[in-house]
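Given below, in the form of structure tokens, are the structures.
Look for chain A in each of the two complexes below; its partner is chain B in the first and chain C in the second.
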Partner chain A sequence: MTVKHWFPLALGAVVALLIPAVTHDNYVIQLLNIAILNAIVVLGLNFATGWVGQINFGQAAFYGLGAYTTGIATKAGLPWITTPFLSVVIVMGASLVLGLPTLRLRTYYLAMTTIGFGEIVRLIIVHWEPVTGGTSGLRAIPGINVFGIGPQGQIQHYYLLIVVLGLAASIAARIRQSSLGRAMIATKDSEIAAEQSGVDTTRTKLIAFTIGAVYAGLAGCLYASSIRFISPDSFSGTQAILLMTMLIVGGMGSIPGCIIGAVGLTILPEALRFLGQWYLVLYGLGVIAVIVLAPGGLASLASRLPRWAGAR
Partner chain B sequence: MLKVDNLRVSYGHIEVLKGISFSVEMGEIVALIGGNGAGKTTTLSTISGLLRPTSGTISWKGENIHGTAVETIVGTGLAHCPEGRRIFPGLTVRENLITGTASRAYRKAEVEDDLALVFELFPRLKERIKQGGWSLSGGEQQMLAIGRALMSRPSLLMLDEPSLGLAPIVIEQVFDKIVELNKRTGLGVLLVEQNSAMALEVAARAFVLETGSITLSGSASVLANDPRIREAYLGG
Partner chain C sequence: MGQLVVNGLALGSIYALVALGLLLIFNTVQIVNFAQGQLLMLGAFIGISGAVTHELPMALAWASTMLAMALIGIVFMVLVYFPLRGRPPFLVILTTIAMGIVLENIALIVWGPLPVSLPSPVRGPPLRFAGVVISMHQLFIFCTLAVILLLQYLMLTRTRFGILMQATAQDLHTARLVGIPVNRTIAVAFAFGAILSGIAGLLVAPIFLAEPTMGGSLGLKGFVVSVIGGFGNLPGAVIGGLFLGLIETFGARYISSNFRDAYAFIVMIAVLVAWPRGLFGEKSSEKV
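Right after this comes the complex of A and B.
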């Protein structure tokens, strides 16, 4: 680790930890909590999409599966500690069912399959009303509770989620440095050359897709039990496209990029709310501006900073 | 060691290989020469498992490898360094090379040994070790592609047009390295080349492929003096 590695990291951590000292506004902290959860989901999306180059529109549905599994299970009286495991089992199952037949094929089958999957999940949530609460969602979901201990209030949740995000990012960084990470990039760059180097590309794609689903499932689990209210809107097809936009704007393949994109695009609509209907115009222009001016995403701008900033 | 028998390959209705047979022995450099569209790349791609033959057999170390997955074939010591270099631009030079070990479980020390060997052959790559693959010149990319193929510890290396798009002096360097490897490690090489003069110089034996059939074969030095070869491939 050199200065250019740990300096932005340390800066980010200090800023993140100081935020609750600056504002005690519950609305702001809750918005940040959602931003952090979105960042975890986008980090997950980055495996299959940013590193392996597979287009995945199912990430919002995995997010929702984790959230609804947790909401339904805890409301039915299961102890909270079981819910991360339940969520992981469900999203892993779903991702294998989707991934096994489609990831053998090159090209865009995963994109089409995951669009369909997102719609199926949404329809189930909306129509299975007695269990999922339908369009009005699930309210008063029990909070995080590990043998009687759990965070109280928005700020404690905030710190917990920051720690989870840090873990999620460092695990992603470790995977990128491993042989699996190299296999992912190799598969994206040239599937044929990757196979000729001995990489099992089908397996690599499937693992990346499944890890991404697990990230989303766990984020969904934490969403349900820290926001305590879930509804189908939070996990719709629009949300899937928004997650993809976060990844592109932040910077495909870049871990800081995922976090910047997710946090930025979660907060921006709220910050622009005073514009009323016009906020969408500004939002759209902003996204286009980033794509045109910094095709590598916001994270790529760091590499354009002068040397004294520690990045090159 | 590698034995191809009556191999036929078609793209749709067009038959590209019309029943070719040849073999490569242990530690031998064999050249496959011929013009554009003769089927040279198709031959290599079929051996390495990227294409399925319509008939014929490919036997490698005594086993039929027909229908085996590409990534599995690499693990048996048959490496294919594809045409057009196809390195991984998003990985560093070091990562590109290590990806070449993906077919088997290596101990860390073995990987370092193999890296050292590649860097000894291509010192230029060592200078570029942390650079992204995208930043390399054409010649460096070719060295990297060969280096990556060597990292799988092949006993036979299939090289497709290593001279493509390279400056003459770089071509010479690359061929020198190939011969050096062959002498030092007993690596067998199946060399596909349009640069026939170069190929015949380094190879012991050669085959001439013309529109899907082998029309001539024999010792490289004899072929290099054959009037038909001189006229068609060596410029008279």
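Right after this comes the complex of A and C.
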């Protein structure tokens, strides 16, 4: 690691740790907490989409499955410590059920089956009212509690989530450097060539998809027990598209890109609230502009900067 | 029972029309337009602006809607398809989705969020036989689908333009080398694709009300139909559409109306698991 590598990392960490010193506004901190959770989900999406090149609109549904598993389990009286495990089991089960038959499908078919999966999960949440609370959602979900110890208030949650995000990002970086990570990139570049070189592409896709789902499931678990209110809207098809655009705008395949995209696109709608309906018009055009002009997303623009500076 | 069949087929005809619009674009540039539902919504609202707001005669409102849709289709192509030519289809999916978001919100700004109704172009008492009621509008939907299907079939197989489209789809560069006006062919395909979804919008608005968010689910149904029927397969799109309309109507009646929108996806996933290229096969295959 050279200065060029660790400096932005250290800068990001310092800024992240100092934010609560600058603002005590609970609303701002809560928004940042949601941004961090979204960043974890987008890091998960990056495995299948950014590295293996498989389109996936089911990520919001996995996020929701984790959140609802946690909400329902803790409200039923189970201790909090069981919920991450429960969420992971449910989400892994669902990702295998969806992934096994569908991951060999081509782009459009895969896009459609994942959209369909998300829609089915949403309809179940909306209509299974006695358990899920229907469209009004679940309120007063018990908070994080590990044998009597748990974060209190938004700021403590913020630090906890920052630590989890750091872990999630470093695990993703380790996986990228492993043989599994190289198999993912090979599958993306050319499935036929990867198969020829002995990569089991179906297995690679399924593993990437499942790891991504587990990221989303755990983020959902933390969402339910730190925001303490969940409703179907937070995990709808619109949210799935939003997660995908966070990945694209931030930069597919780039870990800092995922975080920048997720945090940026979570905060932006709040900052641009005065635009009203026009925000979504500009948002759509902005996404098209990024895809056309900067296919590597904002992360690729950042990596071009030193080169420009060096050329002068 | 007979009534459910008629209602299901009418709904299915509209799904089939959405799928036929998708098919025109897919057959020329091998791209699936995920904003087709939003184009349909625009068609419905432009029709309402003409027939209700400006009180134009129905035929004129329809004609002006189709003209407007052709222009919108070409603008759509310039913004969403041209800059991404030759890039992975995955990115084009995302630009079309983003364009769908843009169109939906422009419609919200222009026409507001409240549902509006459009009168049917045909009037008259409904037909009745054997206890089944067929409204004039349903009859009109069936006739429109039949006429469009026939025209599209003739256009794709019997006209010069159909051949140009096939050549463009098979190999864009070679088509250009042998002197085919590739860009013009693609522009016409997008214009026709948009017109077809506009017609679907004009047909839907008298049954369900028109609202800016109506496009999302209707567009998705169009893809489900294309998937069931096989992308780019003309008879497949029609049979798939009618089939889906029946499934939804009967599912809503006999299983649960809450999960009405889920049946389409369940059927689609089941079809894909069994036949990964759709029931009737796909027209083209992946190039290495």
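In the analysis below, the second predicted complex is superposed on the first by the 292 of 312 C-alpha atoms of A that agree within 3 Å, B and C clash if a C-alpha of one lies under 4 Å from a C-alpha of the other, contacts with A are read in each partner's own complex, and residues count from 1 in each chain.
As a working rule, a residue touches a chain if its C-beta (ideal position, glycine included) is under 8 Å from a C-beta of that chain, and two chains touch if they have at least 3 such contacts.
Just so it is clear, the model here is predicted, and its values are computed rather than measured.
Trainee: Would you sort A:D200 into first (chain B), second (chain C), both or neither based on which partner it touches?
Mentor: So A:D200 only meets chain B here.
Trainee: For A:H24, select first, second, both or neither according to whether it touches chain B, chain C, the two together, or no partner.
Mentor: neither
Trainee: In the overlaid three-chain picture, which partner chain does A:R139 touch, first (chain B) or second (chain C), both, or neither?
Mentor: Once the two structures are laid over each other on A, A:R139 reaches no partner at all.
Trainee: Once the shared chain is lined up, is A:G116 touching chain B (first), chain C (second), both, or neither of them?
Mentor: second
Trainee: According to the stated criteria, A:G253 is in contact with first (chain B), second (chain C), both, or neither; which is it?
Mentor: Only chain B; A:G253 stays clear of chain C.
Trainee: On chain A, which partner touches more residues: chain B or chain C?
Mentor: Looking at chain B versus chain C, the one contacting more residues of chain A is C.
Trainee: Going by the contact rule set out at the top, does A:I192 touch chain B (first), chain C (second), both, or neither?
Mentor: A:I192 sits against chain B and chain C alike.
Trainee: Touch check for A:S179: first (chain B), second (chain C), both, or neither?
Mentor: So A:S179 only meets chain B here.
Trainee: Looking at the overlay, does A:P295 come into contact with chain B only (first), chain C only (second), both, or neither?
Mentor: second
Trainee: Residues of chain A that sit at the chain B interface in one complex and at the chain C interface in the other, please.
Mentor: Residues common to the chain A contacts of chain C and of chain B are 192, listed in rising order.
Trainee: How about chain A: which of its residues touch chain C in the complex?
Mentor: On the chain A side, the touching residues are 53, 55, 101-102, 104-109, 111-113, 115-117, 119-120, 123, 126-127, 192, 237, 241, 244-245, 248, 277-278, 280-281, 283-285, 287-288, 291-292, 295.
Trainee: Of all residues in chain B, which touch chain A in the complex?
Mentor: 48, 50, 69-71, 74-75, 79-82, 86-91, 95, 98-104, 133, 148-149, 151-152
Trainee: Across the complex, what residues on chain A touch chain B?
Mentor: Against chain B, the touching part of chain A is residues 179, 182-183, 185-186, 188-190, 192-201, 253.
Trainee: Can you tell me which positions in chain C touch chain A when the two form their complex?
Mentor: Within the complex, chain C contacts chain A at residues 32, 34, 79-80, 83-84, 87-91, 93-95, 97-102, 104-106, 108-109, 216, 220, 223-224, 227, 231, 258-259, 261-262, 264-266, 268-269, 272-273, 276, 286, 288.
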